[in-house]
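Take a look at this one; I'll ask things after.
A, B, C and D label the chains in the order they appear, each numbered from 1.
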């Protein structure tokens, strides 16, 4: 097991799914129990990654490499650095929670539901650990089918529309991305005389700037749809709103990160010339800023609780892409931290919405109000979720947003200024949301007898709350694992960056301030 | 009389038969008339074969094509009651379009071909060689033995197929 | 001079076996008048014929490999066994086998269970052998007609069903029409070279100018004929009707084996005699491929009959395969071979699920008939999902590999516009494939009758399902095999 | 008068091909469509014989024999299918053969 730790992390959910398929469909509780065990096992297996991870080592760790399709030069090659470590851990944690949260919510076709979920877990982890572009693409697409079913079978009234929209958007982006990948693959053959998809090999390429730009845009479409960045975001509200609670949680917390991860892992290091191209950076930053403001403004206008949370994702992910294209250590590290934060806080918010929906079968704000009186524990949990999302100091959101703003400020003051307004709007809609649901008097008699959180429901929140506070109070370990990989990427994209001594001193300071 | 002159005359005569028969085949309203026009056209083709010294083909054309296939056609026309199909529309709605397109393509082809074709020089025939039938047989059963055998399988399939299709109960 | 050498025999063995066992099936059926129960011996004959043909192919394959020679020719260059021919012949045999074993139950349900059917499958396969192996215009033409003729009959095999009759007639009319054009092109090719051997034709055509009128005439008419055969737009109109009306196993056979044979034929002609006029046909074929993708995908969007939907989807797949030929380099031709291989299994699989849905009084090819399949028979639904994902090109199923090769070839030859168009259409295709998925998994079932099942059906579904996944997950041996087919590219 | 060359035959066959193609495309009567296909195949044969004459060989004539064989086979099967169709038509009383809609 030792040499193949990462493979175990990757395939534990799949093994769990295979066993699950053997359980007869009538034994619903056994299926639920087994799915939870499998998800928990997935998390436990991934824990050693944290302890054995060497934050001072550069490059990838836990690397496994084997030939898969030698005829094409495709390898089964996986490994993680600090960035992937955080995202893998986020995936295993959120996976556990999402599966636990659906115990009562899913009553129909239980077996298929959990099978899809476990399959999806493997797909997502695969995306984050692949070091071979072909393998990456395979996992990237594998994620689509289970999500299609989770939305399309167990979703809300417009589930079919939402599911196919999600699917087609992502697949179209993926197909164009594939063309970009193949261009690199072929260029590598031209320059080095052999075919490979290995990312470290592809990094050695020397492309003409024009070709880099074309490939960049091909990648951009694939990743930007997944993030989603501003003009490509329209699938997201539909998918989020129609998906079952656990689906929304995984979609928001983990699936969206595949896009930002793609930018960090592939677009920047593989296409450094295009990534520093002023025009491209400006376009991407502009789209990020539009996303931040637009997402926040649209959230302000929502009458539907879940839609509000969905649009808030557009805004938060705007921060992540802004951080990436600030192209400095603060921006990048902040972006990764913010991705984790968004996973934690938005995950919690969706769980909060899901619990209310499970009890009342509505998400209209008008139906709620004063829930804090009947469900005090719930209200506290919701408050933590809301505040962490709004970026209150001592909670996780603050750390991420602050570091991103630092990075943005360093790159261009105007960007930071615009982004700050996004934070203000963000605080506004979140507080308003809280006020409309939890505070005040109970206006609707139906809300008088709602039961408070059960132990199981509370258990879904506790790990996330703990993590949120951990990042908020003591983010240092997180920044520590990010330091090396982020520095490497910046070094690769802007080779001159670290030669300026002033800014070199600034990088560690950022983490210090954040603390 | 100049034999060249006769050749030319015959060519135009047979060409007239071929094309006239062809046009009549596709324009006649009645299937029986079409079939008879087709026979005329085929006789023209047979004549062209004779002009080109393909005597064996001439015989095949007359016996097999005109004698066999056309009898088959006429037989089916008689068998299938065509009275009611005579009442139906005989031409497609887009017939004008189709005619225009095909004629355009045809004119183009004719124009393309109007220059004398510069085909590779032929090997002159040794005078006093074997007759046409023998030569055809020689080539057919040596060089083209394989397609000949495949054709036998093809005909088997055709026989089985038409029986399967046309018989009431198998 | 001997007319039939040992080498000739060695090359011809598979075809002899197919034809002989075909005749054996006819004779057994005719002389013994088997009762319905005895008809399973016909199936036995058929499988035996395929096994013997496969043994012959295997010998040829191992001969080629052990001697390290690229090809064996026979009948003075009329037949050429090379890796390309062998690869496609394996596809034909696999398709024939799978189609035959699912037909048994289907024909009984249709009440048209006759021995001729099995014989015709073998003879059609025999025709395909000559299409993939032939390197002589006459042999190719006669082989093509042998295959086509068997298909005309099989498409119309449900004689009591008007849809089937009409499909057969339409297929025959347009098939014969296209054959006429094709053979017209062949006659011009012969005229240009004085020979019917592809190699000599290619040499003669190459010495003439690019815009030589006769070469152009040959190219135009041949291309029309060939594009008809592979149902490329604008010569596709026969396909949806023929597919819909034919007995479902034959639809599967038609869409897979006949298409594979036609593509083998098309590739041989375009990379052989017509290779010199590449400058002319490349833009033409690009336009045709784009139109094929467009029409196939867009028309499939609005279909409510699953068979018809799959017919349009198979038109769009033809567009994809044409793209491989347009790229025309080693990757492109490997792509054509790989695509054809994966297409065979995934498309057969999808149609076999439809075969299983044909039960008493239920035709089973409407979108409503497939709805709620997940509740009725999860195994069929999951298999269908795999086939559809593969058809849509989603990894790790085999279909992705085919698309991958086509994309790679296009990128490699810098046909970026075509590549982007093809990429966009893969997304469009998801929409209609997943309409079927939606119907299976989300909608409620409309009838209570269980899905038809027989040993043959289960075996066929198993084989196609396993192959679809296996080629996707461990493609190495199949790719090696496909990569050896590129000897055609010079 | 000019002597008749291979070109004359080529033009004649191209014209016959065009006539046959028009016939298939515009007629709705199945039997006449089948006949039009025969016209196309005859055009092919004219071509083949002309070339055969030009080369002074008989390959073209052999080819023509195969074309005729195929034409006969196609016609036989086509007419068989037609009979099956009309038999059904008589029993199901359909007004019109739908197939010619394309």
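The definition used in the following text is that a contact is a pair of C-beta atoms (placed from the backbone, for glycine too) under 8 Å apart; a residue touches a chain by one contact, two chains touch by 3 or more.
Note that the structure is predicted; figures quoted are calculated from it, not measured.
Common neighbours of chain C and chain D under the contact rule above are B. For the pair chain A and chain D, chains touching both partners: C.
When chain centres are defined as mean Cα coordinates, A lies farthest from chain C. Mean C-alpha positions place chain B and chain C at a centre distance of 31 Å.
Our note on geometry: chain A versus chain B, Cα centroid distance of 71 Å, whole angstroms.
Rounded to whole angstrom units, the spacing between the C-alpha centres of chain A and chain C is 44. Annotation: 7 Å between the Cα-based centres of chain B and chain D. Those residues of chain B in touch with two or more other chains are numbered 109, 113, 115, 117, 119, 122, 143-144, 147, 151, 154, 157-158, 161, 164-165.
The set of chain D residues touching two or more other chains comprises 6, 10, 14, 17, 20-21, 34, 50-51, 54-55, 57, 59, 62, 66, 69-70, 73-74, 77, 81-82, 84, 100. Chain-to-chain contact here is organised irregularly, matching neither a line nor a ring nor a star, and falling short of all pairs touching. Under the contact rule stated at the top, the pairs of chains that touch are A-C, B-C, B-D, C-D. Contacts from chain B toward chain D in the complex involve residues 4-5, 7-9, 11, 15, 18-19, 22-23, 25-26, 28, 31, 34-35, 38, 41-42, 45, 48-49, 52-54, 56-57, 60-61, 64-65, 68-69, 72-73, 76-77, 79-82, 85, 88-92, 95, 98-99, 102-103, 105-106, 109-110, 113-117, 119, 122-125, 132, 135-136, 138-140, 143-144, 147, 151, 154-155, 157-159, 161-166, 168.
Contacts from chain D toward chain B in the complex involve residues 1-12, 14-23, 25-29, 31-32, 34-36, 38-39, 42, 45-46, 49-59, 61-62, 64-66, 68-77, 79-84, 86-87, 96, 100. By the touch rule above, chain C contacts chain B in their complex via residues 1, 3-4, 12, 19, 22-23, 26, 75-76, 78-79, 114, 116, 119-120, 123, 126-127, 130, 136, 138-139, 141-143, 145-146, 149-150, 152-153, 156-157, 159, 168, 191-194, 204, 213-214, 216-217. Residues of chain B touching chain C in their complex: 109, 112-113, 115, 117, 119-120, 122, 141-147, 150-151, 153-154, 156-158, 160-161, 164-165, 170.
The touching residues of chain C, when paired with chain A in their complex, are 374, 385, 389, 392, 394-396, 400, 404, 407-408, 411-412, 416, 419-420, 423-424, 426-428, 430-431, 434, 437-438, 441-442, 474-476, 479-480, 483.
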